[in-house]
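Lettered A, B and C in written order, each chain numbered from 1.
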Amino acid sequence: MKKGWGLTVYAVLFVAFVYGPVLILPLFSFNDNTFATFPLTGFTTRHYVDMLGQRQMIASLMNSLRIGLAVTVLATAIAIPAAISITRYRFPGKPAVLSMLMLPLVVPSIVLAVALLVIILRFLGLPLSLWTVAAGHVLVALPFCVSVLISRLEGFDQSLEEASRDLGCSPMQTFRRVTLPLAMPGVISSLLLGFIISFDEFVIAFFLTGTENTLPVYLYSQLRFPNKLPGTLALGSVILVVSTVLVITAEVIRKRGVQTDNPGDY
Amino acid sequence: MSDDTKTNRRGLFARGGLFADRARRREALTGIGLLSPALVVMISMLALPVGALVIMSFWTQNGFNLDTSFTLDNYRRLFARSDRVTEWMGMTFHLAYPVPAILMIKSLAMSLMATVAVVLLAYPMAYFLAFRVTRYKAAWIIMLTIPFWTSYLLRVFSWKVVLGYNGAINSGLMSLGLIDKPLEFLLYNPAAVVITLSHAWVSFVVLPIFVSLEKIDRSMLEAAADLGDSRSRRFRRIILPLSMPGTISAALMVFIPTVGDYVTPQLVGGNGGTMIGSLVQLLFTKQNNAPLGAAISLVMMGIIAVLVLIFLTLIGYWKMRARRAS
Amino acid sequence: MNRIKFIDRMVQGKLSRREMMKGAAAFGVGATMLPRATNADELLTCLEWGGYDDASFFEPYMEKYGVMPNFSIFAGEEDALAKVLAGFAADVMHPCNYSVARFVNAGVAKPIDTSRLTHWNDIFPVLQKSEGVLMNGEIMMAPADWGNSSIAYRPDLVEPDFIADPSWSIFFDDRYKGKVSLLDDFLVVLIGMMVDGQKYDDIYNMSGPDILAAAEKYGNKALEISRFLWTDATTLQQAMASGEIVACYAWNDLIGNLQAEGVPVAYANPKEGMFTWFCGLTLLNTGHADEAAAYDFIDAWLSPETGKALIEGSGYGHSNMKSFEIADPAAIAAMGLTDPIKMMETSIVFRTPDDAVQEEQVRIWEDIKALHI
């Protein structure tokens, strides 16, 4: 296939659009000024020292990371069988089930948050903790995870699964050896979406957390203190750099293991 | 080929008659079994809140207490007509309490614009990922989501710095000598909201569209090419229709939640940034009228559901899916 | 039943790691990644503004107890109230004077016995009997931090006539269209009425058609003139620093923060008056901790050392008169204050409208904003 340059140029512009604004964070995290306005006033690393002093912020980042990981793994684990069921099996009431799975999208988050809070405290009598936040996040992440997995599995060439069954594989084996690898792009996307949703969610986290904070809750409360801003910019930059390095390293290590140019391969 | 096998198998059962019911029941049971974890989550965590919402919408707030006698007043209040005419953006409202209706329209319009922008931005990128990128694909995908790990508030803040008075764009244009005074129309208006929302949601849309493009059978495209189809024709005849269901569901994933979003409009939308979500949030907290908030939420959910259904019917989504499932 | 037991034991920290793993595996959840909940029963739980959960604000408490209390942070009192009403158990809350009544009327606050507070007699007398502190003859809040709300402006960017005779009218002046910022609050309407010659004390509790008409008049004008109505101090100070806006409704801390970065800025004493707000600690009746600990925490907040930390660290005032004797005079000057006692007596202290009036005002204000394009 002849490849047009137009699309490549677009992709570069797109990456610039996605990264452009967030590159503001490292830029101003080294700027010797409390306020993030041009022109730049000089180089400093003091904001990073500030950041390290903000124990609560670091702790809330860790909480958010843990919740995010737990939520995305749980939500994806629940979403995989659900998506398989919806795309592979016939049963009555499927449209109703499907719309129910999408329901958390329409319910305003303040409504969900307050209602879940009342249920947890009044009916279940459980103390608020990061667990309760994670539970709420699984609920809001599910529609995204299910939907992206359905996109992958729907209308997919099912002959491979059938071949596997016909060759005597158990449903579990078929799932592990055929369906799951085929669904991999969907699974990766689902994990990424679930993580972002939990990591960025504010309203539910605010109401359902007890005495530990998630990063968005912490940052939101810090808006009252403008001189804490540079420290949060430094934190954003660290997240950006660390995650980029992690992704590149993981990819290099993995690619060393399997050399392949197959376009469908991950 | 796969389609044939499947029809044959099902056909066999159908012709056999004897096994048809049992097989179907087994299939249904397995299907529901696989769904059960998701259903448990939904029912345990969603049924009660939504049920409470419905019941509450028929109550009245009385100071800090709830008057639990059944009434339709909250709904009546939303639809009550009045001779007093409220004008907004050239539209006239003959409602006694026009605020929810106006905010609903404003939110729908904002959300629609953002959704269209997001899909138009995301589709070519997803196409690029699916068809042009051959190596390090997973890395590419993850790289596109990394900016979204930096926390929403920081990203909105970054946009303010980009669009702001002494921000990146203004400073850039001024140092190039193109303008001599900062442009003030970049921030605190609906366009800023659409830009910021587009940025916030774009990866939520690239991923699903990419997933639905990625699974398109390459041999189909090669066959079409061998038969002399031009690239644009292959795109229109094969790629676009096959990726449509995924694209639509991705678009809905943006449209539906952004109708109720109020944080972004409030942060970058300026004085006209109030949305229906802000009203609901305030009714549940500051305005201390949860029953009215519940009624507005339910009406909002209903309107979104109806609009989505109309949209899907108009574009023939059900047929599209049915065709692909068969 | 088993499940509840499991969670119970886990919460009490009685489950071993191995049991946890087993249990988690049985559930089939990836729950092991979640942090373990700690035993929180005896510790004091405070609902606190983010950023005030810092040990420098309650050193005497730390000396006595050695551990930080539990903090649940919030960004607005109404959100915190919603959380308490839903059943969240907190012992102490940090409201501002105009919202204490909300907690009292909701039935979650209890009176403070000032004889159990060693620093009570050093509190500014004005604050001791202010609205929100004294309600129906009982002390419902121990005032701690306070500040002013006035007009901060850029002397290099405003017109000379404003500097000569500062007035809140700048926020309704067409010459400043798109260059000023007021707070996103019903107070905007009251400020408009004050510019028109009315007294704050006469209008703060107004309701009905008169206030609606005033709200439409001044609210819409303010929305038209203001670049944006601010909800967070970071956005505001950022905009002042960049010159995007030249004057704004601001708290004292803005002056120090901007001056520290060399931005020219001044705090006006407008002819209609400047405002004083104050916040403090309220005892809640929902908590599980020992009441003595709650009193120790409140008393720690009232100590002069806390005042010094507050004045020097965040640019806000403190309720204990002695704090101003031991704090750095430069920090006091950076607040835009020369004589705190005099200021306290001449400024307008925010008052609390009745619950119904407050709700009506919020509704009117939100409706006006909603209809603004």
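What we mean here is this: a contact is a pair of C-beta atoms (placed from the backbone, for glycine too) under 8 Å apart; a residue touches a chain by one contact, two chains touch by 3 or more.
What you see is a predicted model, and the numbers here were worked out from it, not measured in a lab.
Across the assembly, the mean Cα position most removed from that of chain B is the one of C.
Counting C-beta pairs in contact across B-C and across A-B gives the higher total for A-B. Inter-chain centre distance (chain A to chain C, centres taken as mean C-alpha positions): 33 Å.
Between chain B and chain C the centroid-to-centroid distance comes to 36 Å (mean Cα coordinates, whole Å). The distance from the centre of chain A to the centre of chain B, each centre being the mean of the chain's C-alpha atoms, comes to 17 Å.
Shown for chain A are the residues in touch with two or more other chains, namely 36-37, 77, 114, 118, 220, 223.
Shown for chain C are the residues that touch two or more other chains, namely 79, 82, 234-235, 238, 242. Residue positions 157, 164, 166-167, 284-285 of chain B are each in touch with at least two other chains.
By the touch rule above, chain B contacts chain C in their complex via residues 63-64, 86, 88-89, 98-99, 102-103, 157, 160, 164-167, 182, 184, 188, 266-267, 270-272, 274, 278-279, 282, 284-289. The touching residues of chain B, counted against chain A in their complex, run 1-2, 5-6, 9, 24, 27-35, 37-39, 41-42, 45-46, 48-50, 52-53, 121, 124-125, 127-128, 132, 134-139, 141-155, 157-159, 161-162, 164, 166-168, 170-171, 199, 202-204, 207-208, 210-212, 214-215, 217-218, 225, 231, 242, 245-246, 249-250, 252-253, 256-257, 260, 263, 277, 280-281, 284-285, 290, 293-294, 297, 300-301, 304-305, 321, 324-325.
On chain C, the positions that touch chain B within their shared complex are 76, 78-79, 81-82, 85, 105-107, 178, 223, 226-229, 231, 234-235, 238-239, 242-244, 355-356, 359, 362-363, 366-367, 369-373.
Against chain C, in their complex, chain A makes its touches with residues 33-37, 56, 63, 66-67, 69-70, 73-74, 77, 114, 117-118, 121-122, 126-131, 134, 206-207, 209-213, 217-218, 220-229.
Residues 1-3, 7-8, 10-11, 14-15, 17-22, 24-25, 28, 36-39, 77-79, 81-82, 84-86, 88-92, 97, 99-112, 114-116, 118-119, 123, 135-136, 138-139, 142-144, 146-148, 150-152, 154-159, 162, 185-186, 188-189, 192-193, 195-196, 199-200, 202, 215-216, 219-220, 223, 232-233, 236, 239-240, 243-244, 247-248, 251, 255, 261, 263-266 of chain A touch chain B in their complex.
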